[in-house]
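For clarity, chains are labelled A, B and C in written order, and residue numbers in each chain start from 1.
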Amino acid sequence: MTLLELTDVTASYGPVQVLDGVSLSVPDGGSVGILGANGAGKTTTLRAISGSVRTGGRIRFDGRDIRGLRPDQVAALGIAHVPEGRGTLGQLSVRENLMVGSYLRKDRKAIAGDIDYCLDLFPQLQDRVGSRAAALSGGEQQMLAVGRAFMAKPKLLLLDEASLGLAPSTAKTVYQAIRRLRLESGIAMLVVEQNANLAFSLVDTATVLETGRNVLTGTSAELKGMDEIRRAYLGG
Amino acid sequence: MGTFIQLVVDGLATGSIYAALALAIVLVNQATGLINFAQGGMAVLSAYIAYVFVQLGLPLILAIIIAIVLSFLFGALVERFLIRRFERGDPDTAVVVTIGLLTLVTGICAVLWGYNNLGFPSLFPLTSVEILGAVVSVRSLATAVTIVVIMVVLQLLFLRTKLGLALRAVADNPASAAFSGLPVGRLLMVGWGLAATLGAIAGVLVAPQLTLTPGMLDTALVYALAAVILGGLTSPIGCVVAASAIGVLENLVAVYVPLIGHDLKIAVPFALIFVILIVRPQGLFGRKVVVRV
Amino acid sequence: MNAVAATARRPWVRIVFAAVVAVVLIVAPLALPAFANQTLVRIGVYAVAVLGLNIVMGYTGQVNLGQIFFVGLGAYVTAYGVNHGWNILLVFAAACAVAGVVGLLVALAAARLGGLAIAMVTIALPIVGVPLAKRLSEFTGGSQGISARFTDAPDWSGLDNDQWQFYIVLLVAAAAFLLARSLVRGKYGRAFAAVRENEAVAASMGISPYRTKVLAFTIASIFGGASGFLYLAAVQYTSPETLSFGHSISLLAAMVIGGAGSIAGSLLGGAYYVFVPQLTNAIDPNLTTISQGAILLAVLFLLPGGLVSLPRVVRRLARRTDAARGRSTGRSTAAPPAQTSEQNAPAHHPVPDSALDGHEQTERQDGP
């Protein structure tokens, strides 16, 4: 069952056309990566899905057309977007950030249980539960952002450049936790990542974008084996 | 000593009015990043609305409640239809819009009720009570207490409820809050509605003393802005403390420093501001705001 | 349309145009009736005040609610000087200087605060100014105000009083406008614009936002003082009412309506200030405030560049209609007016379009 399907999606910021016909699909519970260089349109693709930018083309989620919906409406349908730069609610505490994630839910007991799960997933946050989120390190903020997205119990998680600005070891820790999350919860994921190695540790298939268009699509195994990919994104 | 206590209590009462307006200004600023110069004007309109219902024969408390509810709606609609367009742009342009709103609202009051001073009934009895040998106005005491209670309730709302959490999230990072499903537009309307409500309460409580006229809260607005500058835009508590201090100080100075007297006491908070802010630009309580390019 | 624009750009056309305007301005008062001259004089007075306000607010982006205070201050200094028999040039200089110094002091403190603090502080100027003017009655004549006549036409000129006043105002106003124009087009103008766009970026370019704001504010107050001098020249009387809060807002509204960030707009602003409140007062004094507010909001929503941008807007609409009808004009649209709100990046997280406007018309009911 296809959970998310993009068909020939275009997007522009004012007069600048960033997406020029992107197509991809994410199966139920699946994990798909979006790779590419800076400026290829990876982040814009996620923003197109979550309704943060004007788009053309077709975007279907769970059988319905979601193009043109506001971000909060998209979130209500079960898509959680962890934006580039994390989007931490800096003035709120760690616990409050997680609570905000569960805003649309009404099952209070389960929410409390999920907060505990988050803290188990990201033990670094346990001591910081009451601290203001802006005081956290980059890695901790990234974990918090993923945790907040999880708190919505989404069907699909949009992950944007989770490794950005993080030390390699921290990024690895974050991705390990996300992998565990995926295995234990079965949430589908669409992962934008410049670090192809990290991406391949999390996704089954991936598509490569260049100047707003797909240029290559395949399973992780296939792509890892290709020379172009190795040279361009895996450092030879 | 008796006069002193009297002045302090009266000062706390007027200070609480400034505090209510200051808090409303801070609330709006935290949510939408701009200063609403029409906050006082809107409060005056609320008082006039209560006046209308009193004239129609309703008991005062009912009239006040109706006015408060209508003010909430008015604040929400102003955000949606007047201010929304200017929220993402230059805050200085948005300020001019609020000044236009102030003029419009004052003008509406002038057209409907003229410039004459109208009497507004007092919610609290006009008696006095004896405290520590001083004769203190019950109305002043009750006004101060009422506003403090309301501010505490508001703080609880913000810190303990889901709505309050949502309002704070939207104030912090609206785009990111939307990703968690928060209806940003609607929450902004609620924020402005709450601010208008605060103003309305201040308006109906102070109207009996100042008498109802379109420009009734112009001076109070200036004091409220001074309180916001002194207390810092990021600290509601700081503003309340500053507002109370301003209220008390202006009363004391007016009486004990005849050179300044009643007519020039308005200069006091600003002299204070010039002095304090040369040393500490973020106000007494505020945190330094980091501007990211 | 393009042919006209191209012609207008040729230097000799501009010189001839300027010469024609100059001649008209010099000859006009001799031909016009006294009432017309007096009206034009008052337009000139307020145009200078609006021009000053434009420099600090329209060009540098700092909301200044106290400009009228400096006008009043200049008027009072002028009255004082005249009544003490000072030389008229000294009086003028004093009016500008005193206003400038006070403005400088206010700016030094207020500009430090950043953000909207200048607006919040300058609002106090007219509000403190009125009781102050009433109190310092030895200088100001208290609540009664103070009169000073010094613009009666001297016998050697052979002119009537209103014509003489016209020339005085013309002289000062022309000087002010030319000065403003050269200021705005030079490096200071660029500093103003940079600070208005984004202070952090300006700082990284080596422009000190603080100093620029102080400079702009001081210049604005000097212009305000000059306007006060002209005010007394025209009206020959001033009182605490001159610098009231209501007038302060009217002046600001006049600036926006005439055209923020525009020299020519200041002239329109002055005209607006003189005509419109007079008109509404004649119909019904209670209507003045509400119409002011309504007009100001209408301009902010529909014509943010002010009246001075009207021809440009009309032209753009005409072009769009032409293009829609399939007759392409081949020229790209003109650069957007510098004074619209769109481009700035405020420190506060801007509320993004998408979060608010998306498709609010749809009936979808989302969460609680």
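Observations on the model:
Everything below uses one rule, namely that a contact is a pair of C-beta atoms (placed from the backbone, for glycine too) under 8 Å apart; a residue touches a chain by one contact, two chains touch by 3 or more.
For each chain, UniProt lists the protein as follows: B = Branched-chain amino acid transport system permease protein.
This is a predicted model, so every value here is computed, not measured.
The innermost chain, defined by the distance from its C-alpha mean to the mean of all protein C-alpha atoms, is B.
More C-beta pairs touch across one of B-C and A-B than the other; that pair is B-C. Centres computed as Cα averages put chain A at a distance of 51 Å from chain C.
With centres set at the average Cα position, the gap from chain B to chain C is 30 Å. Centre-to-centre separation between chain A and chain B, using Cα means, comes to 43 Å.
Taken residue by residue, chain A touches two or more other chains at 52, 70-72, 76, 103-104, whereas all remaining positions touch fewer.
Under the contact definition stated at the top, the residues of chain C that touch 2 or more other chains are 352, 354-356, 360, 366-367. Counting only residues that touch two or more partner chains, chain B has 172-173, 175, 177-178, 181, 183-184.
Listed in rising order, the residues of chain B touching chain A in the complex are 162, 165-166, 168-169, 171-173, 175-184. Note for the complex: chain A touches chain B at residues 50, 52, 70-72, 75-76, 80-83, 87-92, 96, 99-101, 103-104, 148-149, 151-152. Interface of chain C with chain B (complex): residues 57, 61-63, 65, 109, 112-117, 119-121, 123-124, 127-128, 131-132, 134-135, 198-201, 204, 245, 249, 252-253, 256, 286-294, 296-297, 300-301, 304, 340-342, 344-356, 360, 366-367. Across the complex, chain C is touched by residues 32-35, 37, 82, 84-97, 99-108, 110-111, 114-115, 172-175, 177-178, 181, 183-185, 188, 214-215, 218-219, 221-222, 225-226, 228-229, 233, 263-264, 266-267, 270, 273-274, 277-278, 281, 289, 291-293 of chain B.
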